[in-house]
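Two complexes come next, and they have one chain in common, chain A, joined by chain B in the first and chain C in the second.
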Partner chain A sequence: MTDWLVMVVVTTTSVGLALTLGIYGTVVLDRVIGRSIAGEPLRLTRALVGPFQHAALLLLQQRSDTERSDSATWAVAPALLGALAAAALAVVPLTPAVALEVSSGIVYFGATMAMVMVAVFLNGWSANSTFPLIGGYRFVAQALSFEMPLVLVLIAAALPAESLNVADIVRSQDTLWNVVRQPLGLPLYLIAALGVSFLGPLGLPDGIDLAGGTVAELSGTALLLWRAAQAAVLVAVSAMGAAVFLGGWLGPWLPGSVWMALKTLLLIALMVVAKHLFGRVRLERFVVVSWVVLIPVALVHVFLSGILALRRIGS
Partner chain B sequence: MVMRDAVAEGLRRLLIPLACRAPVRVFALAGVNSPTNIDDLRLRDDICLVDSPRSANVLWVAGLLPAPLQDSARRVHAMMSHPRATVWSRPSVMTAEHATLFPHATIVGPSEDLFEALRTVQRALLTKRHASDEALLPDEEPAPWRGVGPYGQGGTGMTGGVPYGRPMAERAPDRDGLELDQLPMRIGPFFPPFPSGLILDVRLQGDVVQEVTIAESLFAQGNVLSSGESQGDLLRDPFRRALTEPVPVGELELARARHHLRWLAHALRVHGLEALGRRVLMFVPALEPGKAGDILALRRLLDRIRTFDWSTAGVGILERQQLSGRGLGPVARAAGLSDDSRLVDPAYDKLGFEPLVHNDGDCRARWRQRLGEVIQSLALARAGAQPAGGAGSVESPRGVLRPETGPTPALLTLLPGLVRGMEWGDAVTTIVSLDLDVREARAASPVETPTSGKPAVERDE
Partner chain C sequence: MTDVLFWIMSGISVLSAWRVFRTDSMVRAAYWLMVSFAAVAVILVLLSAEFLGLVLLLMLAGEMTIMAVFMVMFMMNPAGLNPMTMVHQHRAAIAAGVLSFLGLGAVGVFGRFPAGVSFATRDVTARLGMELLNDSMLIFQTAGVTLLATMIGALAIASRRGRYGLADEDSIEPAVENSQNAGEGPPSTEKGSA
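Then we have the complex of A and B:
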């Protein structure tokens, strides 16, 4: 009982801390990378303090309402999205000491990320407004096209470890990281991760062509919470990417937690760069490309990984 | 309850100093005759232009709003959350009708610092030295609900049409022949991706545009630039001056290059490339004749990125026969036509001017055309003081401009047929690519039935 309680406390604390720092880091990276691409002076102090100023301003802003909105589900949507991010991050081993040993961690992670669709759709639908509704539908329309490759590359990464436990997958990379062992895995995963976190090229639900889409009717605390939850999802998928493809806590000289944080930040930075450099794609074209290219490639990737894993076991 | 209020007030006091240093959240309403361009706000660290009035603290009214837009402006104001305030860049001409439009607005004169005014107003709002704007419209439902139950779910007349003044989904065949719901919606006149004043009545099936009509209301009263309101804009626009007097080629071509770059920045932003859009805007004030190094580098960058190409290629194709002889400038030239009134201007003839053309006629060809024309204009601008124009019409960045009209009315006639059958994102891309200015539109012109142009859905097949 005591062990169970300690595990809950440690996991909750570490996930909470990781998400808080991760969300802050994401916002700072977004500002720094955005200004760098725009060719504007960096102004690091402003980048570091800016997130707090923005948050304070939104906290002082009244929460808006629309005619005949479903206020209960509208309020639940950001909480659900944030909770899904936290639940997903809980199975990612942040350090060797804080590794929640879940035997089917990869499957559980895939399931929580699939539920993101519910949160985004709720946020769009509840406002009883056209643009948010279309934004919600857009996410549903594109979700299957990136969730299939996401799950397939995660399964492929589990094959060399012969385990669905994420900590085991990290340990299996002791001699060779999966990013080298399975070169197709990380690029496919990053594309899917952009979709899950509805960012950049796959940020169609919140597109400017919908005046902000699912967030078009949000203001004040609701907008702040939604943006924080979206960043939390980005942190969760990046942390999982770091664990599954970049060896997680493995690395010389520095403590395991520092390696994990650096690798997660690297993946967040890559996706933020993608956000600023790759404009939104056309939904129809993305779906076609996904079913014609990404999913078949992900399937071939799984088969190859399986054959290699069997050969290794046989030898 | 008292304890909770005390905690909330304590928290508020803690947040105010931080919030006062945050960028001002502004939603902009573009009118006419504004001394400040909306794009100028995008390059400011202390201003955050938002895409929806919901999350704005300050409504910035840029210039005068013509009468047909004023009711919509009040509706935008009503959408803003408290605390909210209005800052109005005061026009040179102020009629009694305009004076009562935003009675609580902070007026900023042409010589005053708009940015300081925006910062001051937000700080005053947060510290409660400036009262939050009261509602300008009554807080009542546009049509009283008469159905049964809290959501009218038991009412009658719920199977389509406009029961109790509310448009409901109606069934209609989609592009695959299936009977699906159609959602009617009105977009504009302050929809950020579109030019101010453009109002579209759209019927959507999912994300697909089934029908578009251009609302008549704005144009029924004639040109929204009445003579008194337009004077400031006229003086600032060298192309309008060139209608009646010779203007140096250098000035015209630099203005053309600036216009195209502002358009490109907007197009990039609409595609989610906000940072790249700001990069383009930074080039605008620094343009110099003959120096196109930065622009060439920008073109190489956009070529390398590819996704801007992918999302515009094959979208919004206009055929040559739809555009020929209508003075549609870069839109026509992007479809392979060499329509350009500079060809008959002796000043340009002396410079050996030849129009640049692209052949595809789609959105990608249009942005490539405009970027190419920026580089061409910088080369032409080296002619400096050589006078051009003054013959009653001039090749403006949008096409042939005449005293009474411009290319926009002709483009508006093509628009409904062009975007029908497109996904909404592609429709927005297409409309942005046309670079419309509804101030050029005259009564009756924009609502003509399109006479040519296949629906986009047929081309997709």
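Then we have the complex of A and C:
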């Protein structure tokens, strides 16, 4: 019983801390990278304090409502998205000490990422308004397209470890990180990760072409919560990417948690750069590319990883 | 602890299953059903069938959303936000409900369950696979890959670059095209034979 209690307290604390720091880091990185790509002068204090000012402004704003909205579902959607991000982060081993040994951790992570579709769809649907609804439908098509590559590359990474436990996958990269061992894995994962956190080129549900889409009718606290939950999803997928492809806590000199934080921030920065650098992709285009290119490539990737793993086990 | 969680999840499952039929929107009904099944998935995890429970959760999100979208499309109810009743054909529905409840209840009451089986080992997933499929594992895996290839093939046929040209540029099946042309003038023998 006490073991169980200690585990709950440690996991809750570490996930809460990682998410808070991660969301703040994401917003600061977004401002810094956005300004430097736009060629504007960098003002570090503005970038560091700005997120708090913006959050305070949103907290003071009035929350708007639409005609005959499903207010209960609308209120649940951001909470669901944030909870999914936290639940996903719980199985990512942040340090060897707080790693939750969940024997099907990768499947669990895939399940939480699949549920993101429900949260985004409900956020768009329950406003009872045209643009959010179209945004919600768009995300369903988008999610059904990136879900398969996301899960397939994670399964491929589990093959050399011979385990679905994420901590085991980190340990299996002791000699060689998966980013080198499985060169197709990380690029495919990053595309899917952009899709699941609906950012930049895959920011289709809330694009400007839909006048804001799923967030068109959001304001004040609801908008703040939604954006925070979106950043939390980005943190969770980046942390999982760092654990599965970049060797997680492994690394010389520095403590494991610092390595994990640095690698996660690197992946977040990569995706924020993609957000500011690339234009939005058309949904039809993405669906076709996903089913015609990404999924077959991911299947080949699983096949090759399986053969390599079998050869290594055999020798 | 497990017992408490079990009763909480059972309660959630039954209550949300009841809500499926009391709500007035197809999207809400679909997601109440998802909540009900998700609670069952947690019960599976509590029963040490961790992998089964998680796969159930993984499947649910896509399944329920696709079901909701299709129901909305078929009913031509804009977005499923217009109130409509979820219960039809009361007599048949009540009969089917009572029968299936009695049938499943009979399994629960009269079924013989192994007592005191512990699954505390880490390889539950592997043992479950052996128990369910045993020697047929390779056959089922092959069938799975074949089904996947079939699905991708079906998608390729239904995609924009379909069998009869680009989907968004007036692609018509030859037979349909012929019957459309038939009214406008004498059909050419060449087209008719094709």
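Everything below uses one rule, namely that the second predicted complex is superposed on the first by the 315 of 315 C-alpha atoms of A that agree within 3 Å, B and C clash if a C-alpha of one lies under 4 Å from a C-alpha of the other, contacts with A are read in each partner's own complex, and residues count from 1 in each chain.
Keep in mind that, in the parts below, a residue touches a chain if its C-beta (ideal position, glycine included) is under 8 Å from a C-beta of that chain, and two chains touch if they have at least 3 such contacts.
Since the model is a prediction, treat every value here as computed from it, not as a measurement.
In the superposition on chain A, contact of A:S71 is made with neither chain B nor chain C.
Once chain A of one complex is fitted onto chain A of the other, the partner contacts of A:W4 are limited to chain C, with no touch recorded for chain B.
When the two structures are aligned on the shared chain, A:V118 is found in touch with chain C, with no touch to chain B. In the superposed model, A:R46 lies in contact with chain B only, and not with chain C. Once the two complexes are laid over each other on the shared chain, residue contacts for A:Y137 go to chain B and to chain C alike.
Counting the residues of chain A touched by each of chain B and chain C gives the higher count for B. Within the superposed three-chain model, A:E284 lies in touch with chain B and with chain C [touch as defined at top]. Once the two complexes are laid over each other on the shared chain, residue contacts for A:S103 go to chain C alone; chain B is not touched.
Contacts of A:S257 after superposition on the shared chain: neither chain B nor chain C is touched. Touching of chain A by both chain B and chain C, each in its own complex, is seen for residues 68, 137, 284. By the touch criterion stated above, chain C contacts chain A in their complex at residues 1, 25, 27-28, 31, 34, 50-51, 54-55, 57-58, 60-62, 64-66, 69, 79-81, 122, 124-125, 152, 155-156, 159-160. Note for the complex: chain A touches chain B at residues 33-35, 37-40, 43, 46, 49-50, 52-54, 56-64, 67-68, 130, 134, 137-138, 141, 200-201, 203-204, 207-212, 215-220, 223, 275-285.
By the touch criterion given at the top, residues 11-12, 15-16, 18-19, 21-23, 25, 43, 45, 50-52, 54-55, 57, 79, 81-83, 126, 141, 151, 183, 185, 191-193, 204, 206-207, 268-276, 278-279, 282, 305, 307-308, 310-311, 315, 423-426, 428-429 of chain B touch chain A in their complex.
Listing the residues of chain A that touch chain C in their complex gives 1, 4, 68, 70, 73, 102-104, 107-108, 110-111, 114-118, 121-122, 125, 128, 133, 137, 140, 143-144, 147, 151, 164, 284, 288, 291-292, 295-296.
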